[in-house]
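The following pair of complexes shares a single chain, chain A, combined with chain B in the former and chain C in the latter.
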Partner chain A sequence: MSALDASNGAAAAAPPARFDVDRALNTAGAWALGILWFLPLIYAVWTAIHPGEFATRFELFAPLTVENFVNAWTAAPFARYFLNTVLLVTFILAGQFVLCTLAAYAFARFRFPGSSVLFTLVLLQLLVMPDILIVENYATMRMLGLVDTIVAIGLPYVASGFGIFLLRQTFMTVPKELEEAARVEGAGPIGVLWKVYVPLAKPTYLAYGLVSVSHHWNNFLWPLIITNSVETRPVTVGLSIFSAVDQGIDWSIITAATLMTSGPLLIAFLLFQRQFVQSFMRAGIK
Partner chain B sequence: MPRRIEWVYGWLLLTPALFLLFAFTHVPAVKTVVDSFFSTARGARPSTFVGLDNYRLLMEDPVFWQVFSNNVWYALITIPVSIALAIVMALWVDGKLTGRGFVRMAYFAPTVLPLIAVANIWMFFYTPGFGLIDQIRSLFGGAQVNWLGDPDLVLGAVIVVAIWKEAGFFMIFYLAALQSIPPSLREAAAIEGASRWTFFRRVTFPLLMPTTLFVSINAVINSVRLVDHIFVMTEGGPDNHSSLLLFYIYETAFKFWDTAYAATLTVVVLAILSVLAIGQFYLVDKKVHYR
Partner chain C sequence: MTMLRKLGAAAGAAALSAALAAPASAVDLQFFFPVAVGGKAAQTIEELTADYVAQNPGVNIEAVYAGSYQDTITKTLTAARGGEPPQLAVILSVDMFTLIEEDAIMPFDDLIETDEERAWLDAFYPAFMENSQTGGKTYGIPFQRSTPVLYWNKEAFAEAGLDPETPPATWEEMVEFGKTLTKRDGDGNVTQWGVRIPSSGFPYWLFQGLTTQNDVIIASGDGDETYFDDPRVVEALQYLVDLSTVHEVMQPGIIEWGATPKAFFEGQTAMMWTTTGNLTNVRNNAPFDFGVAMLPANKRRGAPTGGGNFFIFKDSTDEQKEASLDFIKWISAPAQAARWSIATGYVAPRPDAWETPEMKAYVADFPPALVARDQLEFAVAELSTYQNQRITTIFNDALEAAITGQKEPAEALAEAQAQADRILRAYR
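And then the complex of A and B:
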């Protein structure tokens, strides 16, 4: 093996080592685009950690400061906004896990009349999203007396067509023998779901969870419409009010607030980059 | 399990999800269509059946046509550019590359950030005179440009943000597809002496077709859905030159409180989306099988 390698190496070395232009160009292109793509973020960090007068002046040794973050944090009730977002995201995710699991289990393993029609209706939600039906959903929430509650922000998204579809696809790949083994041990349909299907679908839950959390953390239009008080507003809406109302606030504070609201997701993303990317990949594969 | 019991189980398991699904998707969708044939209730005047009046109003509404054409351009530019960029990004990140981890992270990062938040950053880029773009332009003697205040430039400025936000997201799907292409194909092509471009055009791209179908349907939906940055950057202005359909629906319903007309606009959006999604499916689906 080593002799073979040596002879190969000699053969490869025979022509003078050529500079791989193609590869260099590709690397340069990839990096140029990468830096361009990262620029807004780098710039935001620059502005946020320097005093206001350096927002548009780029000097390498400009003094650093955390004052912008402190000012932003105290200028608006961001702590409350964060709490609201965390509550919202938790509520949606918990609801989605429960409801989508039950529905996906029904579609994957039970035969009953109407199942294919109902499944088509579920898939239809991928196209006709609650995001677009804002007018009617607002009317519904007002009728239910739920306007300006965190429940109202989350409720339209709890029964997620995407989640049902994704979990159904996963459940269908579970071998029937496992289910039968659990049956023999005396587990009922719910016991089988809990002991066999859910544990085997863990990667799908993780993938779907990451996608769902990042989606609803970032969601803006519906929360903007349905909330009108500090007690319910998620960070995205809070940030938009903060940066829109006070035109007098300087840019450094706005970028600090911007980074703060995206901070938890961004840190989670940097830490779990691989899982994030794989989750989105997994969620996209049909 | 006896069949009847299986039926009952199936339906019971579905009930909670279907109840919410109907309550917040299907029923509102149908009600939107119904409401578009009625007038908006105002004060003492209740809503009455007006037939196609709202649609007639729509046809004669210059703002609607402005917004409609904005959205068509928004989609026509954002979709192909972000898909092309996504494919290039995926090819780069999939190949041998120094610092692949950083590059991949840079491409994907905009996806996890709230659009409303990054719009703040982009807004500063576009600030006339002080913004980063104008600062760079001034190095080359460029004059100060009011990117978000000029009716001819504002839509382009908004489109750039959408592309920046979306391309990395689509890249992920192409990356997944690329990794499922067997390496033996590349080796075979190399033996045949196929150039990289030929290999891409004849092998990779056709194999990516199902992904392209999935991504393009997503992109069409996003071209309607992604309007958050409009709120921060332009509020549809100047003079509706950067307003998009969903933003116009929001304005009509929650600023002018004309819910019937907003419902009519929603019906138009839903109709367009359905036609496009179905059309795309048949169009691309045929190509997928043809290969």
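And then the complex of A and C:
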């Protein structure tokens, strides 16, 4: 239906002879993908705000309820879990920004022996799935005495190969002249980084930050393995108690809990949508 | 920041416990447990642990929720390889061979000393011990154990003209009843299926019900041999496939586990096979009168057992091992086993637990709880071998290929047997 509307609109705007098939197809495709993406979310909202017997039945005037949210909230200490997740993603993002910025700056603008070998090693990190390293990481965290801390969840991800690569590519596109001008003004290497490179790479930081936060917000296996107590566990671990397949899944509660845990991310995305899309475009176009 | 706070808390707790426990013998235990039946199970385990600690001031037990069964074995093995295993854990009984191969666990025989303790090992249902013993030694103590049963909708039976109090007792009856119960609307679309045997994820478990009823065992007790291509296994798989394709009493294709109770409540199926772990859920949510029965028989009655056992880990001090054994003895004692069974629907793993006053009151009020126990007499070990994850994956894939019609049952099972042989040869 929306596809029809879209093509009608296109047809009305231009004379019929110059009907823009390409554009109509694009619009139809975008709508189709958009609706496809949105369907599970609509289902989740429908199920979460209605009593259990309407989970698989559609009735326009079915009674509304918030009971599912209340049940989900009380089934696990979610307040604490939320705090932990926020601390976790903040710690990881801050660490990644500092480390990746410094490393990327070094790889982009300094020549030092072994730099290409080192950079190759960093790129190799992109090929290794973090899950393969779980045992090694566990042993390391144990050696550092960090098992069952939020720091232990985040530490393996702080030196991100992807972040270094992305920022290096961005820094490489910054015109040398800008750096030279700053140097003439008396800026040292750190001053140049802070005053020239970082401000120009803002869209990249924003785009990378979004990817990083959503990834670590959703991460499950590693946090489950390295933590043991309520004080350190993130929301995803709390969410997992609802997926008890032996007993059959209660869709009402699980959708309520899912909306609750993904809610902050969804709201943040809707609020900053324009900035995110623009930053992705700018980061990509450069 | 948080780490500092945690460190501070840990130091405080250490100081406190040092002050409280006069003798320097306070034993710390870490205990990993999975949850497969909803939030209340976790709460009950934590309560039981707290009760034990309150009665035994010399022992501290940290009960750690470790996710699903799958997550728990991953977490435990990671911790063990990383050099910091828990002292005890509840893990799927079928992972026994994996844990032995990892050299992570120890037999209970090395810990027990008195005759009384030996009697304790013999107090459990033999059906549950099949998955807990190998090579003459006991590695696991049954705890959250289950078995599949048949649930039926009495109202649907009455509506179809069947006796609402009589579930199908044989394979033929299940097909016959199923045909009567399957309802179609004007366009020929099915509005109510006769039976539902879920097959997503781990189809082998319920399928093992069928093979056992067809009087065949699919793996040896030593865990180094499987018999997937036995003609009686092929026959059982053919029966399962025929339910959808020939008799048309079951929805075709892969059937979801998680959605099965809901489908039963909504009247999309008149019978379902699923675990006893669902009993409390069905009791609370079915909007109609329902019955619980043993699975139907063919050449004999039969069902697999399932669920988790207690394991004790090697890499601990002698005091910790002793304390672990004591805790397991306590939590598996009749009173605690009964409390756990009533709270979750799991089958209390020893006969004397069913003789406690609480349990008697419970079954008097809710007789279906007895069905699973009575079926234990006919139950066999759940499929368990060395390299268990790989072998069950091969078997599941073969079953799914046959259920979805990609392969003939005989062909799929012969291929699975050949693959399993290649893996298990090294262990013979």
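We adopt the following convention: the second predicted complex is superposed on the first by the 220 of 286 C-alpha atoms of A that agree within 3 Å, B and C clash if a C-alpha of one lies under 4 Å from a C-alpha of the other, contacts with A are read in each partner's own complex, and residues count from 1 in each chain.
In this section, a residue touches a chain if its C-beta (ideal position, glycine included) is under 8 Å from a C-beta of that chain, and two chains touch if they have at least 3 such contacts.
Quick caveat, the model's predicted, so the values are computed rather than measured.
Enquirer: Taking the superposition as given, does A:Leu127 touch the first partner, chain B, the second, chain C, both, or neither?
Expert: First partner only.
Enquirer: Of the partners chain B and chain C, which touch A:Thr258 in the superposed model: first, second, both, neither?
Expert: Touch partner of A:Thr258: chain B, not chain C.
Enquirer: If you stack the two complexes on chain A, which partner ends up touching A:Thr236: first (chain B), second (chain C), both, or neither?
Expert: First partner only.
Enquirer: Please indicate which partner A:Pro113 is in contact with in the superposed arrangement: first for chain B, second for chain C, both, or neither.
Expert: Once the two structures are laid over each other on A, A:Pro113 reaches chain B alone.
Enquirer: Once the shared chain is lined up, is A:Val135 touching chain B (first), chain C (second), both, or neither of them?
Expert: both
Enquirer: Could you look at A:Ala103 and tell me whether it touches chain B, chain C, both or neither (first, second, both, neither)?
Expert: Only chain B is touched by A:Ala103; chain C is not.
Enquirer: Is chain A touched at more residues by chain B or by chain C?
Expert: Looking at chain B versus chain C, the one contacting more residues of chain A is B.
Enquirer: On the A-aligned overlay, A:Asn228 touches which partner chain: chain B = first, chain C = second, or both, or neither?
Expert: After superposing on A, A:Asn228 lies in contact with chain C but is clear of chain B.
Enquirer: For A:Gln273 in the superposed arrangement: first (chain B), second (chain C), both or neither?
Expert: The first partner, chain B, only.
Enquirer: Shared contact residues on chain A for chain B and chain C?
Expert: In chain A, positions 55-56, 134-135, 138-139, 221, 224-225, 240, 243-244, 251 sit in both the chain B and chain C interfaces.
Enquirer: Mind listing the chain B positions that touch chain A in their complex?
Expert: So the residues of chain B touching chain A come out as 1, 3, 6-7, 9-11, 13-14, 16-21, 23-29, 31-32, 35, 85, 88-89, 92-93, 95-99, 101-118, 120-122, 124-125, 130, 132, 135, 164, 167-169, 172-173, 175-176, 196, 210, 214, 221, 224-225, 227-228, 231-232, 246, 249-250, 253-254, 259, 262-263, 266, 269-270, 273-274, 277.
Enquirer: So in the complex, the part of chain A that touches chain C is made up of which residues?
Expert: 52-53, 55-57, 75-76, 84, 87, 134-135, 138-139, 141-142, 146-151, 221, 224-225, 228-229, 231-232, 237, 240-251
Enquirer: Per the contact definition, I'd like the list of chain C residues that touch chain A in the complex.
Expert: 1-3, 6, 9, 30, 35-39, 41-42, 62, 64-68, 71, 74-75, 78-79, 81-84, 146, 201, 257-262, 266, 274-275, 277-278, 280-281, 285, 287
Enquirer: Show me the residue ranges of chain A that touch chain B in the complex, using the header's touch definition.
Expert: Residues 22-23, 26-27, 29-31, 33-35, 37-41, 43-44, 47, 55-56, 98-100, 102-103, 105-107, 110-113, 115, 118, 121-122, 124-140, 155-156, 158-159, 161, 164, 189, 214, 217-218, 220-221, 224-225, 235-236, 239-240, 243-244, 251, 254-255, 258, 261-262, 265-266, 269-270, 273, 276-277, 280-282, 284-286 of chain A touch chain B in their complex.
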